[in-house]
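Before we start, here is the structure in question, set down as structure tokens.
When the chains are written out, they are named A, B, C and D in that same order, and each has its own residue count from 1.
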Amino acid sequence: MIRVGIIGSTGYAGQELVRILLGHPQAQIVWYGSRTYAGQDYAQVYRNMFRLVDEKCMAEDMDALAAEADVIFTATPQGLCASLVNEKILADTKIVDISADFRLKDVAVYEKWYGIEHKAPQYIGEAVYGLCEVNRDKIPGARIVANPGCYTTCSILTLYPLVKAGLIDPDTIIIDAKSGTSGAGRGAKVPNLFCEVNENMKAYGVATHRHTPEIEEQLGYAAGRPITLSFTPHLVPMNRGILATCYASLKEGVDAAAVRGAYEACYGDEQFIRLLPEGSIPETRWVEGSNFVDIGFVIDERTRRVIAIGAIDNLVKGAAGQAVQNMNLLFGLDEAEGLRLVPMFP
Amino acid sequence: MIRVGIIGSTGYAGQELVRILLGHPQAQIVWYGSRTYAGQDYAQVYRNMFRLVDEKCMAEDMDALAAEADVIFTATPQGLCASLVNEKILADTKIVDISADFRLKDVAVYEKWYGIEHKAPQYIGEAVYGLCEVNRDKIPGARIVANPGCYTTCSILTLYPLVKAGLIDPDTIIIDAKSGTSGAGRGAKVPNLFCEVNENMKAYGVATHRHTPEIEEQLGYAAGRPITLSFTPHLVPMNRGILATCYASLKEGVDAAAVRGAYEACYGDEQFIRLLPEGSIPETRWVEGSNFVDIGFVIDERTRRVIAIGAIDNLVKGAAGQAVQNMNLLFGLDEAEGLRLVPMFP
Amino acid sequence: MIRVGIIGSTGYAGQELVRILLGHPQAQIVWYGSRTYAGQDYAQVYRNMFRLVDEKCMAEDMDALAAEADVIFTATPQGLCASLVNEKILADTKIVDISADFRLKDVAVYEKWYGIEHKAPQYIGEAVYGLCEVNRDKIPGARIVANPGCYTTCSILTLYPLVKAGLIDPDTIIIDAKSGTSGAGRGAKVPNLFCEVNENMKAYGVATHRHTPEIEEQLGYAAGRPITLSFTPHLVPMNRGILATCYASLKEGVDAAAVRGAYEACYGDEQFIRLLPEGSIPETRWVEGSNFVDIGFVIDERTRRVIAIGAIDNLVKGAAGQAVQNMNLLFGLDEAEGLRLVPMFP
Amino acid sequence: MIRVGIIGSTGYAGQELVRILLGHPQAQIVWYGSRTYAGQDYAQVYRNMFRLVDEKCMAEDMDALAAEADVIFTATPQGLCASLVNEKILADTKIVDISADFRLKDVAVYEKWYGIEHKAPQYIGEAVYGLCEVNRDKIPGARIVANPGCYTTCSILTLYPLVKAGLIDPDTIIIDAKSGTSGAGRGAKVPNLFCEVNENMKAYGVATHRHTPEIEEQLGYAAGRPITLSFTPHLVPMNRGILATCYASLKEGVDAAAVRGAYEACYGDEQFIRLLPEGSIPETRWVEGSNFVDIGFVIDERTRRVIAIGAIDNLVKGAAGQAVQNMNLLFGLDEAEGLRLVPMFP
């Protein structure tokens, strides 16, 4: 039985970890960390957990936690995980960081986009970017897994095969992404109030969103060279789900069969990636509550562009689900253990 | 041209006042009060007002405001209006208080239900309860108009004719009310976040909600004796609207014709109250954005109860619209001036 | 492995059965019945099931189905199940009827409220009303289980202990219920369009809703005499969830301890009923996706009424989940098999 | 007083026309046309109009209608307007066609994208494309005004100044648009049911949507040459609003000042177009219920693209409001008459 500690268990991603791990046959949560709610019953913070979780929220005590847990999930604001990690901790436990601290290999890029100093740059090199379908082989031996962002998971997986196979011109990539509001977190802010989000559609972080360099870095590996692209996130009046509508110019001669072939070559055996049949376009409702990534595409012969569309549940494959997938890989379990979640509709 | 000052102009009710008054041919807003946003452009707080409102938000200066304004609307937290009002102010201007400070005639009841000391009990007596359809005659001469609450406006108007005509047993009244989330205000609180309200239905303030004594007092006047009733508010994942489902036992012999007759006797000439034809039940969507109160009822012969249902827009008839209606009465204007708002659907 | 057939598998309740049964270790769906979509891939009707369900929808063939299945769920319009059942069918298989055909013991009451002739009144007597927490002992031997309605499950379970213990006056019961829109089914009707339901709150079926006699019958058993009560359903702009706000006058001397005691006596050992601690009020979000019933109450000393509130997911405990619970009882399995669903939030 | 007839008055756009025209001081609706509801009270179809509209819905009688009305709005399915118009009609009345029949100048393009034969190609030439801010001068003398589509109004107005001033490469234009669900109409279809739209985000009509050639034609006029672009519409779980996120590569040397200058040159005096200050991005909530177009932009120096974003209310500026604006121009009224609608929030 893997003993799991969660730092930040009372945010939305943390709570989704709890939901998923309660159904995981080989994991047990031993630490419900929460600065805000320390000392309170977890089930009082999230009433859905009444009679399912009896534990109280724990204040921060990294040493005690590392001693108790085989793996720690950090579902925390940027910078916190980097400030907590050290050799002693890493000797005792493994870290799956759901924040962005170890996703970018270039510390200067991190500090520029996030506007904070990185407190543990010495661990950036060894941290593995935990996009399981791409880096599966590197995860088992890692001490730190950098769990990918929600927008990035959806965007990278949707475009990766096309970039890798050289079917599109990477400099023409435009990603127009839409997210449910749980992605904005549980902080009490006016812009996230019901009446501000409901009956509204808006873009935000235009040309400045922090997930941009993460997508560029990963797709750059696929391309074999640096990539600069446009990424625009939007806020949608719904709880969960990310839809990434991705545009790119096709290279000469590339047709639908080549595009489909590239997807199948990369994802043919993947259990969590569903390449939709021709004519089907992903929708967020069909993946809600599950670890699936649904991908579909259309070739527009008029403009010679491909429009590739991906859909995930931002809290599952975009956060907690992928974190558990990484945990399964770290501990040599079946990768899908605890993650055979059937999408819930409506 | 009536010069209007608004204290609390950046709350939802305050902003709705702005929306309505911008279309009022005989009123002009001269003071956009806001503690939180003092010094900022009003149109930066509410982007819908861009190019419609050029003014900045003003800090509190009651004397200056009273000197400039013919009428002041206080769309503020409980207790504030009472703390601001005095003889000098009332010599200079009129007050339409959208908070609860002057709604209850018994200061002890106020202090018990609101849990705060009343700072100006000497004005409670003269304040007129501004439920226009009931107290129309008393409003013109008032110095202070207590604008009724949202739930209360809907509940009282729905039940008033039945109580007044003695058709129901007042001790059996149960009001089960449902409100859109704008009623909870624009404060940054976790329970009002999009993801907390969306896809949820809940009751709150069960048996303790502050609108209870206000309904009891007003219906008590209609009954000619004190009334105790049950009132349960619920929060609905929508922006606007209140639906009050009211139950009461019919007195012997009372039939549908008698009930309809009572409504017609009270509201036959009212322009803002629409008594729906038999078989039609009010829905909040049909009054959204307007000052209408829609009322319908069903007689249940099996239980000998009447189920009377009322619907309003909580920000219009339940707050800003009724406040303007009171202003119109105070200044001898056509009562509907600026309020001929066609409900917007969908 | 129990072989399951579903008639009406492409309605919302039918699809929820599929979702739940896919995670049930001892059941296998062998028949995806659907008049509307016969011959089409099930996963094309519900894209969430892509790669999870490979089967096609089947037209109606009751004999073939009965031969193949150990149990048939009928998630169909009223009247269909009664028209299909006969001795041959019942010799081959068991029926869990999710429609209303076998819920009411008095055929005249059925025909009056539903407005259709009952085609198989001879089986009404033996059918067991499948409210597991109340009729657990009678279900195992049944040939036909009448799965309770969604509103009724929530309403009856909320009030049952109070009626049974004689703590309230049954003639004063008023149930004001609110439901998510999945309860209205997947039929293409204007009133169920997004723009008609969104941003709206309405009552419907006032004093005429068909779940009324079902609640009255079951609570009548608890009371030991016939009961007449008021039941008013409302439509809420959300997908799932039912909240039942129930009012009743307390008998003299009954206090909170007595009420809590009655609930604990009935439900102390129930795994799917969560009696909330004092001060907690059920909300639909905390049970979404699960088989839980959350119950809370407030004593209003001013009116001497109890306000008891229940919350369920209408598609789970109100339909598919309870149907699977009944299946588990029919086949001697652990009652919670396949139903340990953690509520999903947000 | 202008006498107005509406064909298709019971669709969402038709009803919005009614809402707006009820507040128009110089127009009077004399004909509420509706095939579906002919003979029924209009206020029974739309309960918001109770006591505001007493008329009944009228069946189709083009000759009678033309004789009665000074102007006819056709808010009808594609093809109907073209089938009704003829010399006799045009001698009697003016037509503002809210359908697509007269928007495209090339009948072959119309027939290809719409898949139907054009029944009145002889009038295509004289019809004026009623995008008021662009074609203001041509509208007054027209017999037929082709009211622009919702997506197209938003997309064209957002990009027009940039194309006209030659600041962007037109071949790189990508428009990723998001619409509220009222744009899908009031037809009873499963994909538009509440539970199908709510909590979902999807693209549709990818690379095939009929508004594409309309945008291309109009922007082609601005560019002085044919343009081919990508346009992808998405459905958002909200009632109203369109957000168009538009991407294009900037020509060398073009900076933010040049872009702002181009917008100001085109729209500096426009009362319905609000160019937001730097740092502000349009959101649909700020224009809801109004005839405004909000436009903002960001220059992304990393990719040398401009991201220009426009927001409208699809039923107002995207349909009924613009139609009334066209009517005002046709009859020599103040262009804003009846259209000084303050956006309603929340």
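By definition in this document, a contact is a pair of C-beta atoms (placed from the backbone, for glycine too) under 8 Å apart; a residue touches a chain by one contact, two chains touch by 3 or more.
Keep in mind the model is a prediction, meaning the values are calculated, not measured.
With contact taken as defined at the outset, chain A and chain B are each touched by C, D. For the pairs B-C and B-D, the larger set of C-beta contacts lies at B-C. Relative to chain C, the most remote chain by averaged C-alpha coordinates is D.
Distance between chain centres (mean CA atoms), chain C to chain D: 46 Å.
With centres defined as mean CA coordinates, chain C is found 38 Å away from chain B. Centre-to-centre separation between chain B and chain D, using Cα means, comes to 37 Å. Residue positions 12, 182, 195-196, 198-199, 237-240, 283, 285, 288, 346 of chain B each touch two or more of the other chains. Contacts from chain B toward chain C in the complex involve residues 174, 176, 178, 180, 195-196, 198-204, 206-207, 228-230, 232, 234, 236-241, 243, 245, 247, 281-285, 288, 298-300, 302-303, 305, 307, 309, 311, 346.
Those residues of chain C that touch chain D in the complex are listed here as 12, 181-182, 186, 188-190, 192-199, 237-239.
Within the complex, the chain A residues that touch chain C are 12, 15, 19, 22-23, 46-52, 182, 199, 239-240, 274, 276, 280, 283, 285-290, 294, 340, 342-346.
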